[in-house]
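Next up, some structures in structure tokens.
Shared chain: subunit A. Partners: subunit B in the first complex, subunit C in the second.
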Partner chain A sequence: MALFPLTTCSGCENAILDLWIDIEETLKNIEITYAPILMDSEEPKNVDVGLVIGSIRTSEDLNKLFRWRDKSKTLVAFGSCACYGGLPGLINNFNISKVIIDIYKKSIEYESPHSLPKLMEHIKPAPSMVKIDFMVPGCPPPKMLIPKFLNAITYGHEFSLPTKNLCMECPLNTSSEKNISEIRRFSLNIMEQNKCFIEQGIICLGPVTRCGCEAKCIKSNTPCRGCLGPTLEVDESAMKFISSLASSLSLTDIDIKDLNRIKDLVGFLYRFTYPSSKINLMEEKK
Partner chain B sequence: MNKSISFHPITRIEGHAKVIIFLDEKNDVENAYFQVTEFRGFEKILINRPVEEAPLIVPRICGLCSPSHHLASVKVLDEIFDVEVNKTALKLRELFHYAGILHSHILHFFILYFPDILFPNTYSNVGFTEMMKKYPNLVKNALKIRRLSQKILEILGGSSVHPSAAIAGGFLNCLKPSQQSELLSETLDSIAILNKIIEENEEKLYNMNNDAKTVPSNFVSLYSSSMYPLYDSEKIHAISMSGELLASFKFSEYFENIDEETSPWSYSKVPYLKKRGLERGVYRVGPLARFNINDKIDSEMAEELMNKFLSNIKKPIASSSYYNIVRLIEIAYVLDKILEHLSSKNVQENAPPSKNLKIVNNEGVGIIEAPRGLLIHRYKVDADGYIKDADMIVATTQNTPIIAKEITDVSREIIHKDGVLKEKLYNVISKLIRNYDPCLSCATHSYNVPFILEMHMKDKVVYYPKTF
Partner chain C sequence: MVNLSKETIKFQPKIIGFLCNWCGYAAADLAGNLRRNYPVNIRIIRVMCSGRVDPINILNAFLSGADGVLIIGCHPGDCHYLNGNYKAQRKVHLLKQLFNEVGFEPLRLHIDWASAGEGDRLSKIIKNFTLNILKLGPNLMRCN
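So, the complex of A and B:
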């Protein structure tokens, strides 16, 4: 197995290391032949399983990805950056070349062999460029998911991602009707502990986010920000979320216009998935 | 352009870097560069986002020091909303911070750095898998200690990587009595394990700095007269390589004392002490700086280790090789502080928002000692609390000019003495880089710094320290 890092924060690598003691048995059947953060070995000629970590930011990243696709029997997009472009993908809202010209009054030339790697127009997720055999999303992939996945590729078990939304796993989920009376911002007001965030008018992406993390953020009193990605194959999370929010509003205490108080919808709905979202693809086509 | 040698990637560090050495016609080193080749742009990503989301976004700058970014960000919020951080929140934040440092330091010292000590004269592949084969118990023990920090971060923040728990003026989570006693017992185990590791590797630890070379630089870190400051302090101190106090300032005065210049050779800026100017103002941060600047270590265990390994060294220590032993001392320090925090009932109560907050200041500065050194977050917000401007200065960025100088000096020395021996060059250069425990994902957060080497070469201007 090889850990193939693109533009990454190294959190996914760190998360794998955190599980080392727990996956000792599985590890007996895995030989890691490449992982630059951990060892000095050069890129192997071939590998059974390659874990692509991080997203495609530079042309160097893209070339590496093509090369690694060729070398790997099975190529896995590991972590939300690899699967969806990740949180750094939010920069796709800005035109990179314009930003550079803005600062330096000229564009970068990339002619020398020692020039900095060329920045691509937009951050791209791996599945948009090469065939990906498995996706293991999460920022980082939750510790419940990683061993399941490693066992699957090692022993040939079935592996598939959950399809239900986080509310299914959430300890705060009451099946009572929600009656939101005010839209509130997280942590700036008195919050009721052990009460569904959405019921309190605080944005939580649970309804449109894949489960599989056992709601660890919710259990830490933080609302879900969607790092495991959308439940839907076709990304209509935005519509689904707004309509579910709208239908949860109290009939008497709040006007639907108050939903305008939610600024930065993109930052909430696509925090980890912007590069693979419809909106970004539409922007690009423009 | 004449001959050049380059090394890419550098292994056993966090992030992507390239070393380029340019030789002149006589095959002498003309210049060498430490290039941070990755880029993401968090200062831009934060624009127009609700400020309370910043502590959830910025941990993603780096997966090794995410707790530090989270806390630095929350400290900015403390100022913007002008909220008191009560004792409960403070103790929990400190515990969270110490766990984060332990998590990062164990990774660096035992997994990234120590292979060079265990396999000293090997130019071939060393690293984690070699260590697991030849020193399986050492690896297991190091990961056991790391497991403690993981558990604390998971319980307090949901995850050991990108945890979140701190909020403006508070801290959302706390420990149940059963969790606390379990963690306490694990802490005692970890301390015993650490002592065992040190005992078993004593000779190697004593000899770690045999090849130490003097590298001149200023140093900057938090300063406290009553403790070894990692979470907070009254002042930041800057000292020269001779130990002279160059500046002492409050957090709010940071930007009056330190400026940043765009680096000509990488996606990373060059911070420097204003009063000294760019060439003489670059400085090192991190364990070595903290150790050089502070005299008080409020931990018996850490003090013992200091006396054991550093009793005959005069401060300020100049050689970057000593970063590592100080990191080991800091591992002992944070274990001791974790023990202290887990021995009090303070951490059994959380500090959720107690009132509705309003924007009081449109700007806030949050400063903390991250594992790798001083970390600064500053945001400006509009009247509704949406971020208009964000500035982050991270530890590794501050070290890069001195890393570049060390690379130049050492490659000059080797090439002069032995000629162009690529393997030896890589071996020595990568080791010196590793001393700094660089975090290049951090160093490259900023979007406005791309530059090309050719521009720099034409001007023949060199932005690294010549004299102090």
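So, the complex of A and C:
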């Protein structure tokens, strides 16, 4: 097995390392031949299982991805960056050259032979560039999912991601009718304990997010951000969420202009999945 | 009376109209009976309630090349299903906010109300919306 990092924060690799004790048995049957975070080694000629981690930000990332697809019998997109584009994908909403000039006050020079690899104009998710055999989403993939997955590929079991949404695992799920009377920003001061976030008017993406993490964020008093991405059958989960939110608002207490209080809809609805979304295709060519 | 025929104007906007069965669509029928003219650029889709229109339908319409999407529901308080039109209004508002953030012109999406007896009003709404879309130009976004 190899851990193939692209442009990554190393959170996914750390998630595997964190589980070292738990997956000790499984690891006895796995030989990690390449993992830049763990060891200095040359790229292997081929591997049985390659875990692609991170998003495709530069042309070098793309070349690596093509090369590693050829070297791996099974290629796995590990983590939301590899599966959907991830958090860095939010920059697809802007022109990357303008962003560079904004930050560094001058553009990147690509002419010299020792220069940096070229930035891709848009981050595209790995499944859209090469054939991916498995997807293990999450930012990072939850510790309940990783051992299941590693056992599956080691011993040849069937592996499939859970198909239900997070509300199925959520301890705050009361199955009661939602009637939101005020849209509120998430803050530890004004929250009611043991009450569904959406009922309190706090945006929680649980209804449109795949389960599998046993609602660990909810259990830490934080609304879901949707890091495991959408469930399989839904076309565009953000649209479903808009529909669900709009239909759950109180008729008497909420006015249309209250909706303007939600400042960053793209960030809320597409935090981890923007590059793989349909709305990312919307770009009026000027 | 603006001449929107193919001879005078090259860009013919494609407008998708979601008209609710009880009010909007009935108004369109009445407009026809009264011979109230409105531009033929609109493709009318009958839905039982404006609240049935899912944001994904609107997004898919724009991704397929529609230049404008118009939703006509019952007047607030008059919805055949009590509050479907309110839900539609809120969905459209959130969607327009989202379009604004991604750089897509939110004016291409419009929701309005017309009761079953307002054939005249409906033809005016459609006419004005078509002219607005004409001003905005074609939808240049491509769908993969």
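Just so it is clear, the second predicted complex is superposed on the first by the 262 of 286 C-alpha atoms of A that agree within 3 Å, B and C clash if a C-alpha of one lies under 4 Å from a C-alpha of the other, contacts with A are read in each partner's own complex, and residues count from 1 in each chain.
Methods note: contacts are C-beta pairs under 8 Å (C-beta built on N, C-alpha and C of every residue); 3 or more make two chains touch, one makes a residue touch a chain.
On a predicted model such as this, the values are computed, not experimentally measured, just so you know.
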Combined model on subunit A: subunit C and subunit B, fit or clash: fit
Touched partner set for A:Ser220, first subunit B, second subunit C, both or neither: first
Touching partner for A:Leu232 - first (subunit B), second (subunit C), both, neither: neither
Touching partner for A:Asp264 - first (subunit B), second (subunit C), both, neither: both
A:Ile30 touches, of subunit B and subunit C: first, second, both or neither? neither
Which partner, subunit B or subunit C, touches more subunit A residues: B
Touching partner for A:Trp20 - first (subunit B), second (subunit C), both, neither: first
Touched partner set for A:Ala246, first subunit B, second subunit C, both or neither: second
Partner chain(s) touched by A:Cys12 [first = subunit B, second = subunit C, both, neither]: first
Partner chain(s) touched by A:Leu281 [first = subunit B, second = subunit C, both, neither]: second
Lowest C-alpha to C-alpha distance for subunit C against subunit B (Å): 10
Those residues of subunit A which subunit B touches in one complex and subunit C touches in the other: 264
Touch list for subunit B against partner subunit A, complex: 1, 4, 6, 9, 11-16, 18, 20, 35, 37-42, 44-45, 48-50, 52-53, 56-57, 60-64, 66, 81, 107, 111-112, 124-130, 140, 143-144, 146-147, 150, 154, 156-165, 167-168, 170, 172-173, 266-267, 350, 352-357, 384-386, 441, 447-454
For the subunit A and subunit C complex, residues of the former touching the latter: 93, 235-236, 238-240, 242-243, 245-247, 249, 251, 254, 256, 259-260, 262, 264-266, 269, 278-286
Complex interface listing, subunit C residues touching subunit A: 51, 54-56, 59-60, 62-63, 83, 86-87, 89-91, 93-95, 97-99, 101-105, 139-144
Complex contacts: residues of subunit A adjacent to subunit B: 5, 7-15, 17-18, 20-21, 31-32, 35-42, 57-58, 60, 86-88, 90-91, 94, 99-100, 103-104, 108-112, 114-117, 119, 139-140, 142-143, 185-191, 193, 216-217, 219-222, 225, 263-264, 267, 271
